[in-house]
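Structure provided below as structure tokens; questions to follow.
Naming follows writing order (A, B, C and D), and every chain is counted from residue 1.
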């Protein structure tokens, strides 16, 4: 694995809804091992960008390369198989399950048994696999600081815990690229800090590449190696956090033209 | 937490109770047996004769079930007023088999068999009878299926009997009589509902009978449940037939007739209805439209017997309508049971159950002469012998019966 | 040729009936998020109420029609509290099951209580059986004509309310984004009641048309109609009002042609088989789902 | 053993199988009615093989299962992506089509029905052995990665797909499984009733099973197991005058359950709470 190579490359990506250009010719390169921030005001097309990359929405033009494969037309499950995991803005976890089971759902990618296998395989091969992913889920839970909560019912979790569980679930798939959609949306400063630390830790621990989306500037600027700022589906600027901080275009996008 | 436990407890309790109750449902036969041994061997052992009637009391056929049970209860009241059967009062228990619910019919039949009955009234209705007659057949219990169907009952002989006589013969002859009356009918279209085996079978016989006298059967149109029947009417007319023969449920029959009339079939004599017509809905929907049409039936609406007059008057009072073929069925069954029990000196004792069941079966399959409410009948080898009639509909009633076939004196 | 024309007209009439029912059904689905399987059953219940009133008043047609419409509205509004909590939760399946329960209860009661469960037939004066137009075997009776015209007017009225009035626009806004409707200060509860009332009015009027077009009713009619309505709605795409109208005509026509030209008892099998193929090829209906 | 208890128990077993068949697909977010049609197919295959060709029970059962699998596989390929309700209506078509085809098959008795089917010995034991085996399979399935995947699909399909869950094939597999369960139920039905008429396999049975499943609880396999005997059994215990209102009672139960406890009486959470409290109880006992 070559350090510093480009893992995700987006070339001239377009997505239109009716007449509306949600993404309009976007070029982004994400370096392996980086935390790449994606910022922009509300409605800038950040979530749509994720949806197109993960195949939930078909793109209207342009290409997406993942590890130099063209994955533009792949189906979501195929893209997930290649090693892209993501979280969702709205904390989409399964409420009718324990926290531990929720994390274990993420391990679908790294397990094998199919429906027939569930019936006819010898019990111990399955239980061995189950034990393996259970240990892994525990490990991830303790990493996100929720090892006490493993037996709790997911419906009872508060917002920040839901986001953490989502990250743990995404990591259970052992991805190469982790896409985080507004991981701190609707959180106070303290909670945001907790999540930010955790993202940092996950990268350090597993060496995964992270793309994090947020309109919360402080979080993204605090943890990212490199940042792209977009507005109306177009790239405004790109650079290190320091560059972004002083870029007049960014201020303009966020505050509007004087 | 406590709530959960409570729910669990309730569930477990209900389950246990239901199992226990079902296991204990092996009730005493035909009422309660007397403690002491009977003095004379042929005295009844029971305080009360209990007869189980398997009847469709829910679903689409519920109204007919209601009427048949009404007739049965009339007979029971009369019998009890006259001192019961062999001096012992009579009671009937009705078990609901639902309309077209085989699982319910079978379960109810099992329940009835657990009461160790001497004989069973029902199962009524061909779908239910098809589902559950096998049980009673295996157990060796006689079934008076009065309304099910000739063809279903035939499969379970000698343990089943039905008041619909040899439809094979009558479907043929009544159709031919119709042609005899209306010789200008050279071709017909038949409307057949293919779901019920009985009606389907009868339509086949009638079709053969018509072909035998040189009438062309242009098409047998399948009728299924639908909102609007005009497409079928148009389809029938496209063959330009002289006559129309109906073997489907009453609602559809009338609706098809109305559609045909609107499209220029002016003479009602061109219609022949099968004997399943003549239900209250048939008359309600067809009020005023059916004069002059033909219907064949084994039901003798013109019977003059005192019994029938009384019953019919009572029916008019209770139901606000003309009595139909469902009314006398179990009324007659009840009286036949009475006669059978009296002739055979049935005791209802537990130790004689098997032997008495066989005796009843043998008796019921060969009745030499018996006076039903509407006519005299006889039963030969399990086959019910009675006349069938071809009626003309007049003033929303069956009139001018023409006897087709079996004449018994 | 004559027969083809007759079957086309039969299909149109059948389609007209389905269109009426589907519009009410879709309205509830769109506004309340409720899968009202029992909608046709409620209509049949109104027919029965009308029949009872007719019997009591000695066939007073005016009162009979009034009873049908009023009972339609009352029944429509009466179901609102039952579905309100479900509709807030957005539990479509739960609402379907509740409606199924209601349907079972209505069918069971009709089959045994009113008129001892026997089919009811409406008086001649209300049916309008007389042929108004006739070309050979193709016939349109006065009742049917009124039904078709009336359905057009009624459905047109609903569309007018939905697309041209302020309330209607608010209702549609609510249907599209329920959360936002609350935020921008629309009286959500009142709107929901309003849509039930609208569906109720439509139901009441439809039950009158059903009386005219069919002339009779039975306890099983609700189930027969409900299956057809669901089929049409899914064929078109759930909640698609305009698509529902077109699909109702298509399916009415298809049914009429199957009954008219195919051998054996394939009518139901073919009609539902068509739905099956549509669901396979276009899972969201031919015109797309709106709900 | 009383005859009624025998029939009650075997029918309960059959309904549990059918309930599971519908449940297992519903866990995946789709309400599938193919099991009723598959039941007819299984019943007729088994009946024909045992009566006409004198096959023993076990091979006939396997053949029926195969028939059920093939029968449900073909529509499943098309219905894999169908939204929940669309599938409900589309699969009702399967019931009508199966009935119509069976009516037109003369060698299977057609409209007249298929009579005098031989019955397997010890039907009750056979039934419950089958129920137990199937229950074990479902139990295992639910606790495997597939079971967890089904939970995610039920909540949100797009989330499931980003977790590499192929929702289409999962649905197809589960539909085939449901078809096989339906066929097994059909085989038992054929052996129990011993007479098959096309009209027996109609929508009426479906309503019962919906009632058992949704009142019992659709989030766990135990809802069906606990509530089928109760709901099927209680009308048989009531006096006939009350039992006649069974349909109304079922309808009321459905409405009340959905309004008060939309997940059904037995929910997954409830089972979990019980498990936790039982565990706690034993830990406390050990401590003291």
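Here, a residue touches a chain if its C-beta (ideal position, glycine included) is under 8 Å from a C-beta of that chain, and two chains touch if they have at least 3 such contacts.
Here the structure is a predicted model, which means the values were calculated and not measured.
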{"item": "Chain closest to the middle [Cα centroid of all protein chains]", "value": "D"}
{"item": "Far-end chain from chain B, centres as C-alpha averages", "value": "A"}
{"item": "Separation of mean Cα positions, chain C and chain A [Å, integer]", "value": "47"}
{"item": "Length of the line joining the C-alpha centres of chain B and chain D, rounded to whole Å", "value": "34"}
{"item": "Rounded Å distance between chain A and chain B, as computed from the means of their C-alpha atoms", "value": "71"}
{"item": "Centroid spacing, where centroids are CA-atom means, of chain B and chain C in whole angstrom", "value": "36"}
{"item": "Of all residues in chain C, the ones touching two or more other chains", "value": "108, 264-266, 268"}
{"item": "Multi-chain contact residues (two or more partners), chain B", "value": "58-59, 194-195"}
{"item": "Chain contact topology (line, ring, star, complete or other)", "value": "other"}
{"item": "Every chain pair in contact, whichever chains are involved", "value": "A-D, B-C, B-D, C-D"}
{"item": "Of all residues in chain D, those that touch chain C in their complex", "value": "31, 75, 78-79, 81-94, 96-97, 99-100, 103-104, 207, 210, 214, 245, 247-248, 250-255, 258-259, 262"}
{"item": "Residues on chain C engaged by chain B in the complex (per definition of touch)", "value": "3, 6-7, 10-11, 13-14, 17, 108, 111-112, 116-121, 124, 129, 131, 137-139, 141, 213-216, 218-221, 224-225, 228, 255-257, 259-261, 263-268"}
{"item": "Complex contact set, residues of chain B against chain C", "value": "58-60, 62-63, 66, 194-195, 222-228, 230-232, 234-235, 237-238, 251, 255, 258, 262-264, 280-281, 284-285, 287-288, 319"}
{"item": "Residues of chain D that touch chain A when the two form their complex", "value": "137, 140-141, 143-146, 148-149, 151-152, 154-156, 158-159, 161-167, 170, 173-174, 177, 219, 263, 267-269, 272, 276"}
{"item": "Footprint of chain B on chain D - complex, ascending", "value": "1-8, 11, 103, 111-113, 115-116, 192-195, 197-200, 202, 204-205, 208, 226-227, 229-230, 233-234, 236-237, 240, 243-244, 246-247, 265-266, 270, 273-274, 277"}
